[in-house]
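Everything on this sheet refers to the single structure shown next.
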Amino acid sequence: MTGNVWRNPLHVWGVEGAEKDVPSIPYKNHQDVWDETTVSKAAMLPVGRLRYYWKWGGHGALTWPRVRYWPTRRRGLSIRSAYNPKTMRLEKTIADKRPIWWVLGLIAFMLAPLVMPAAYQNTLLTAGATFAIYAAINLCWMLIIGTAGIYSLASYAVVGVAAFGTSYLSIHLGLPWWALPLIGAGIGLVAGLIIAIPAIRLDGFYYALLTIGLNELCRVYALQSKQFGSSTGGLYGADTYIPQSWDQYDQSLLAYYACFLVMLGGLALYRVIDGRRLGRILKMAPEKREAFAEATGVDFRRARVWVFVISSIALGFIGGFYSAHFRGVSFSIFGFDTVLLGLAMLVIGGIGRAEGAVVGTAIVIFLDKVMISTGPLRLMVIGLIMLGVVLFLKGGLFGIKAQFRAWRDKKKSERRSMRSEKGGEMLPEEATETRDKDLIYWRRYDKMQRDFLKTLISPELIEEHRKKPLGQHSEPLERVLLYFRRAPQVDKYAIIAVEPFKAFRIVALSGQRGVAPRIVEDKIYASQEEAYHGVFLRRVQDLLES
Amino acid sequence: MSAAAVAQAAPAPERREILNVKGLSAGYGPMRVIHDLDLSVYAGERVGLVGLNGHGKSTLFYAIAGLTGWQRGSIKLNGSEVGRTRSQGPGRYTHLVVRQGLALIPQGDEIFHGLTVEEHLDSGAFTPKAWKERRERKEKIYRIFPPLVKLMKTPVGRLSGGERRMVSIGRGLMAEASLFLVDEPSLGLAPKIGKGVMEALFDVELGQSAMIIAEQNVALLEGRVDRIIGMHVGKLKGEASASLSFQTRREN
Amino acid sequence: AEPILLGVPTSQTAAAGVADDLDHLNGTTLAMEEINAAGGINGRPLKLFVTDVDKLSPESCQQAIAACVDAKVHAISNAFLFVPIPAMDASAKYKCPYLNGNTQRAATEAFRKNPDKYSHIFQTDPSEVHYGYTYPIWLKAMETSSGWKPKNRKVHIVQEQVAYCQTISRAAQEALKKSDFEVAKITDIQFPVQDWGPVIQELKEVDAGAIMIDHWVAAEYAAFCKQFQADPVPNSLVYLQYGPSQPEFLTLAGEAANGFCWSTVLGVYADERGNAFRAKYKKRFPGIMGLVYTGNGYDIAYYLKAAWEAVGDPNKFKDVCDWIRTNPYRGVCGYMDMNNEYQEAGHFPDNGFPVTATELEKGVSQLYVQVQDVEHKIVYPYEIKEATLKPAPWWS
Amino acid sequence: MSASADAARSSEAPLFACEDIRLDLGGRSILHGISLSVRPGEVLGVIGPNGAGKTSLFEVLSGRLRPKSGRVTFRGEDITRLPLHARARLGVGRTYQTPVVPDELTVGQTFKAARQAYRPYLTRFDAEYGAELVHLHVDPDEPTARLEAMNRRKLLLACLLMRRPPILLMDEPAAGLINSEVDEIDHLIRMLSKEMNVAIVIVEHRIELLETIADRVMVMDAGSVIASGSLAEILEDPKVHAAYFEGPGDGAHA
Amino acid sequence: MDIGFILTNALVLACIYGTLAIGLSITWSSVGLINLAYGFIFALSGYGAWLAAQYLSTNGIVVLGAGVLTGALGGMLVCALAFIPIHDKPNFTVRGLIATLAISLIGTQALLYVFGPRAKNLPDIFGFWKVNVGGIVLTSDKIGNIAVSILVVTAVLLWMRSSRRGLEIRAMMMNPHAASIVGIGVRKTGFYVMSITGGLAGLAAVLLSQTYYISPFGGLAPMIKGVSIALCGGLGSVRGAVIAAVILGLNEALTARLLGGQYVLITQFLFIIVILLIRPRGIAGILDRAREA
């Protein structure tokens, strides 16, 4: 404790009440306080995340070629350039690398027949074709479940209806194969309208049940109708695009690539709907939480009908293609397990993303169709994957990355915040994230200053201020007041005269132009001095609490 | 000396410690909201907890009930430890804490929207004793909140914001608890009802239990509670600063 | 020596046909073990390639065949598929002999229309239409020589909705028109039948002398038997079609099954050969034995063995198929002669519709069975009968 | 009765009005003949005890509930049968008591979706204008689910304001906000009504907010209007006092 | 006479359906799970009862008890796998749906593997006798079914309405957070709810063993029926489920009588669709959306 003596400069002029030496209230040396508070208790740990991925340097004035794909207004890759806040260098980053993976994956799928082992050629080609058809179906379905957020389970029913319809027409009217998808699309349009209308009224599981009901209706009807239920457990004999004269391998290859094209179509449709206006307004108005969208003027019912109609046309197209591919269709497409297995594909991959639909389908079809000789084991594996995905993953397989990052960040920050004391200094992660690095040091300095000033506050000091709010004070009080004066505008206290010279109140400034100050307490002070002291007390209180 | 000891011991059971919090820190994810907080509440006490928005009043209540993201430190309710150090996922042990005698009247809309008002009140009576006397208890609640009588058979999900608030407070008061935590009872209520609610809370006979009322508005508590504790950025205000800001009467 | 591969698509996981396929696989396994124990085929052992299949799903049927093709099997032996055409298509280029017990006219019809494409497909049993075609003949036989006194000449058909039952019902109606029985009423039902009460009520109202329950699920037949016994139509001859052949029927229905009749177009005879097979099978696979696809699997394997031994090289698919087409084979389920325009086994007894055989030893006989004292007894054709028709409990 | 007096007082035609709104919900009669009207640039406060039917009235005014009888008019046209989104397109903006956001989008996507909600599609600059009006400064890549209460409210306001609606219906905009944020709302409402001539109907329990901004206040109790006029007049009305301010205990003690 | 027949028939069906749906409805109303493993539990408890009949005793009570017990165990298994780990995670309903689907996929295959594909039957628990009521013959199992179902459903309804546990069960799904605040242990309640509904499935399996014999896939049809009825009655409302069961039973009896058995499924699903279109929340649908107030 230093017992300084404050020499009052006013004494020289003989100001009334200004003693020569004011014995100061004893206080600790600031250097000691400084040393005490800067002795770090918490371990210093490296903060922030290392950049794992490659960054190109900035491109300066050169414009990065940004091709747009006609007819969309999309670019190949969205490339951002930004300053790395750590190195302060300009860097280019690919914001979204998915297009690269997509292209690689599709090329791999396209080239796969070249490298298929001969011993599995047939199986793999057949399974590949089945996969591509189902992936296309699931993509269209994902538009409804993922983008519009409506649990419709009637997608396979639309495919089935279109397939039955086109097979029937092809068998009885001899329609050529290329007409089947087109007619299927027409049937799909009608089916889509039928399932879209209840979607306006129903939601959630009730709509799901309704669609399951429609599904069962189709199944039961087809099963017992003499036209559709005839003989072979389905309707067979439609025209096919596969020339009968070709040999087995060529046929399989053609089927493989034809189905691949259908899947590409599905992907294109998904991108066009999901990434554009319709998808955005649908995502803005998910089921049961439409309030926001409604208030901004979105007609979400219309949007839902649209997405149903569009995806049903596509599903109908695929249904027509399906009958041209398998030469017909059986009732199993309306089956309860078909639908549920389809749903499982979507969930495994991750609802709401195209890659989820495709990869989920790939996994299930691979297990179910390629590993067919393993018997019951494969279904158990499918079950275990499904179970694992839903138990541990939030957004399917493709949510793993985000989920892992979220989990890691959460744990990290929990640990950090359990450890560190937030006394005004920036927390490490806050420090890495903030843009204005000056602030870190300002806040650190400020905290140290406050730590010091807190040691100065004592009843004597308050008493001193109460006696004489204005004028010359002892050193510790002066230090405290200086600090208060430098406080920022926001929430700074001020005094307003309710009635000049008679009644004063304390207000807090808003720190913003045009925004009125706010009254902080009901108390009315009779004199300006009292009010000054009131403000002082408030500030001291805030200081002690910080 | 022994007589003195007896005299000392005699009032001691009356000043039984209901809640004893030591070194409690709690927060949500990266945010630490409560910092090393100590607090004791004794039987028969009605404590006011004041503090500005977002300074951790609700979080303190949630931490006592085990509903925060993570927490650390010791919480003794009726002498038994209910605090858990690890972050277990919110709410996993709340019912156990509640069964030890905690009634939490939360700030938000924590209601069962499909149950009727009456069933809702029933659901608050979680001990067998309270369940048996639920009829009388309900009568009492209806006396506190007359508007609820008409709504007895209405699902709570259809009520207006303020009505829900009443139901939720009523539910808390149905319990036979030793510690009532009431979070901002007058929030969202019209002044008339809000006042009524406060009256009701002050009228509850505490007996061997205690009550903490969190409130932003000191004026509403002034003079009606045994103690007022200030809360500022996750810490209870020290005695010094508390006495600076409130001229609190200590009546013991 | 390098083994000869026999592909056996077997339903192991799906909801339909697992029991039948297990029978088929067991029969095939038994034959394989016997063949290999006896030194194989031309010194080459026989090996099974088993793959799962879901009989109801076209994708799965194709996939199973594709797996067989990839395994380079020398022949495919299959119990039955509900959607045979995609499977037939999938094997149409590979063209290994494909022997099955589909019992489906629609499939053999496809062969008839396109004999080149499906030349390798053999249906080793008669088609389901014969259930219907032969039904009046059986009724007549029961009336004339087994002591059944019809109280009237009415026939009441109860039909399920699947294609199989529908085809049978249509065939029966067609045949009944030519007989001196008449169809009094057709009642439609649909799987799952929660309660047979209304059906029995209707049966009683019509009160026909002969009742045909055209369904396919053994368990539901058992439920029917129980309810019918509780509240029967007096003096009617009740015929249950194929379902009761499944082994669980007797365990499920127990006593209640007594007196009901049923039939199968494919079944292990109770003659010397059949009995020997039954004994061997029961030794190898203890428990209740199925009497239909066990024998079929066994027969197909031996049939193929004969063909391979005759041709020499199992890789010459065309030769093997031609041999099979021209050389009939007598197995435990009868005499399989598939050299006809449907390439299916001929049906005995002769009912005037294609494809039938006039002699027992020239075709696969339909076996009419009555449950007597909780046991299946063949009561018709008389050539291979085990017992005579006994009065059912509800006959007075 | 008092509504007609209001109407007489205002010479210009009301921008937005409702007449004799009656509403039944779940077998209970919730609103009994409510009428109100606002002129451009006017701020009408609505207060009333809990369950008085303020939110229900808003639901009717904004079109989420269909009244049993009564008319809602906007610029003289009957819009009673229009759903909320159609009214929004006409220019009736509304906010909710709970701060709702589309929780699967980012802020930027939300703006984009709102811009393209209906024709004419707005430009990026309109969105910026809306955000600037309400002082919403957040990263466009921020998921809306992570916004705090104030910014959630601002997001909806920004999405509404970029279409420059002539009228705003605000349901307890200050519920759950801290004082400085309330000040911001206060400021915003003043600016909208006084500078941009937006009519505002606002439900609020905080009298101090209404005190500063409301031109007129309407008091509701049990589904009907019990008083209307300037706040000062209202506060003196004994009926209002009985319904809104006096605790049940006070009556008993007195 | 005909009317009487239709009515008794409808009653029988309503009892069957009611027994099937009630477990599903309670599961939904309390733990918020559409239990697609219900069919698996149904089959599993059938096998449990069958094993008891094989190795313990063919006494009706023992068999019934074994079935109910296995069902309860099955329910607890499903709870442990599909409820406990995810009930407080986002997207619980869909994830729970898929998890139960997976359990049913694995479980059914396991049953198929262990017990083989052939259907099994249980001894007659109510003996074998019949009564003739005005020309309508009712067998012992039907009468037993009706009696037990009505008894159980009434007991469950009363219990749900008047006991604290019943209240807990109803409260839990509506707001698990608030439930824990009023002292309802979500996990514990989950366990006993699932074991009770599993037990109900077991009861149904044993009672209906004369209609749905015990087979690995034998639970699928009852489950579809049960789910449709539970949803049609309004998820979470036991009373709604009972009403839906009665309506659908009546519909089935009438259709079978007037139109023909092949139209039963068609009219049934048309009926459900129409009901849902008229009352989007099912017959007695509770309000499952809080208003924005």
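Order as written gives the chain letters A, B, C, D and E; numbering starts at 1 within each chain.
Quick note on the criterion: contacts are C-beta pairs under 8 Å (C-beta built on N, C-alpha and C of every residue); 3 or more make two chains touch, one makes a residue touch a chain.
Computed from a predicted structure; not experimentally measured.
S.K.: From chain B, count the fewest steps through touching chains until chain C is reached.
M.R.: The distance in steps between these two chains is 2.
S.K.: Hey, what chains does chain C share as contacts with chain E?
M.R.: Output, common partners of chain C and chain E: A.
S.K.: So which chain is the furthest away from chain E, centre to centre on CA atoms?
M.R.: Of all the other chains, the one whose centre lies farthest from chain E is D.
S.K.: Taking contacts as defined above, which has more of them, B-D or A-E?
M.R.: Ranking B-D and A-E by C-beta contacts puts A-E first.
S.K.: Mind checking the centre-to-centre distance between chain A and chain D? Centres are C-alpha means, answer in whole Å.
M.R.: Between these chains, centre-to-centre, one finds 31 Å.
S.K.: Between chain A and chain C, tell me the centre distance in angstrom, where each centre is the average of that chain's C-alpha atoms.
M.R.: 58
S.K.: Report the inter-centroid distance (CA atoms only) between chain B and chain E in whole Å.
M.R.: 41
S.K.: Quick check: how many Å separate the C-alpha centres of chain D and chain E?
M.R.: One centre to the other, that is 48 Å.
S.K.: Going through chain C residue by residue, note those that touch at least 2 other chains and give them in order.
M.R.: 12-13, 15, 161, 190, in rising order.
S.K.: At least two partner chains per residue is the criterion; list those residues in chain A.
M.R.: Those would be 220, 224, 291, 376, 379.
S.K.: Listing for chain B: what residues touch at least two other chains?
M.R.: 158-161
S.K.: Please output the residues of chain E touching chain B within their complex, sorted ascending.
M.R.: Listed in rising order, the residues of chain E that touch chain B are 88, 164, 167-168, 170-171, 174-188, 236, 286-291, 293.
S.K.: Name, in rising order, each residue of chain B that touches chain D in their complex.
M.R.: Touch residues, chain B against chain D: 52-54, 146-147, 154, 158-163, 165-166, 188-193, 195-196, 199.
S.K.: Which residues of chain E touch chain C in the complex?
M.R.: It is residues 5, 8-9, 12-13, 16, 109, 112, 116-121, 130, 137, 139, 142, 210-213, 215, 217-218, 220-221, 252-253, 256-257, 260-265 of chain E that touch chain C.
S.K.: Could you list, by residue number, the parts of chain C that touch chain A in their complex?
M.R.: 12-13, 15, 49-54, 56-60, 62-64, 66-67, 69-71, 81-86, 89-90, 93-94, 104-107, 109, 117, 161-163, 166-167, 190
S.K.: Over in the complex, which chain B residues touch chain E? Could you list them?
M.R.: Checking each residue of chain B against chain E gives 65, 67, 89-92, 94-96, 98-99, 104, 106, 109-115, 119, 122-126, 131, 155, 157-161, 164, 171, 175.
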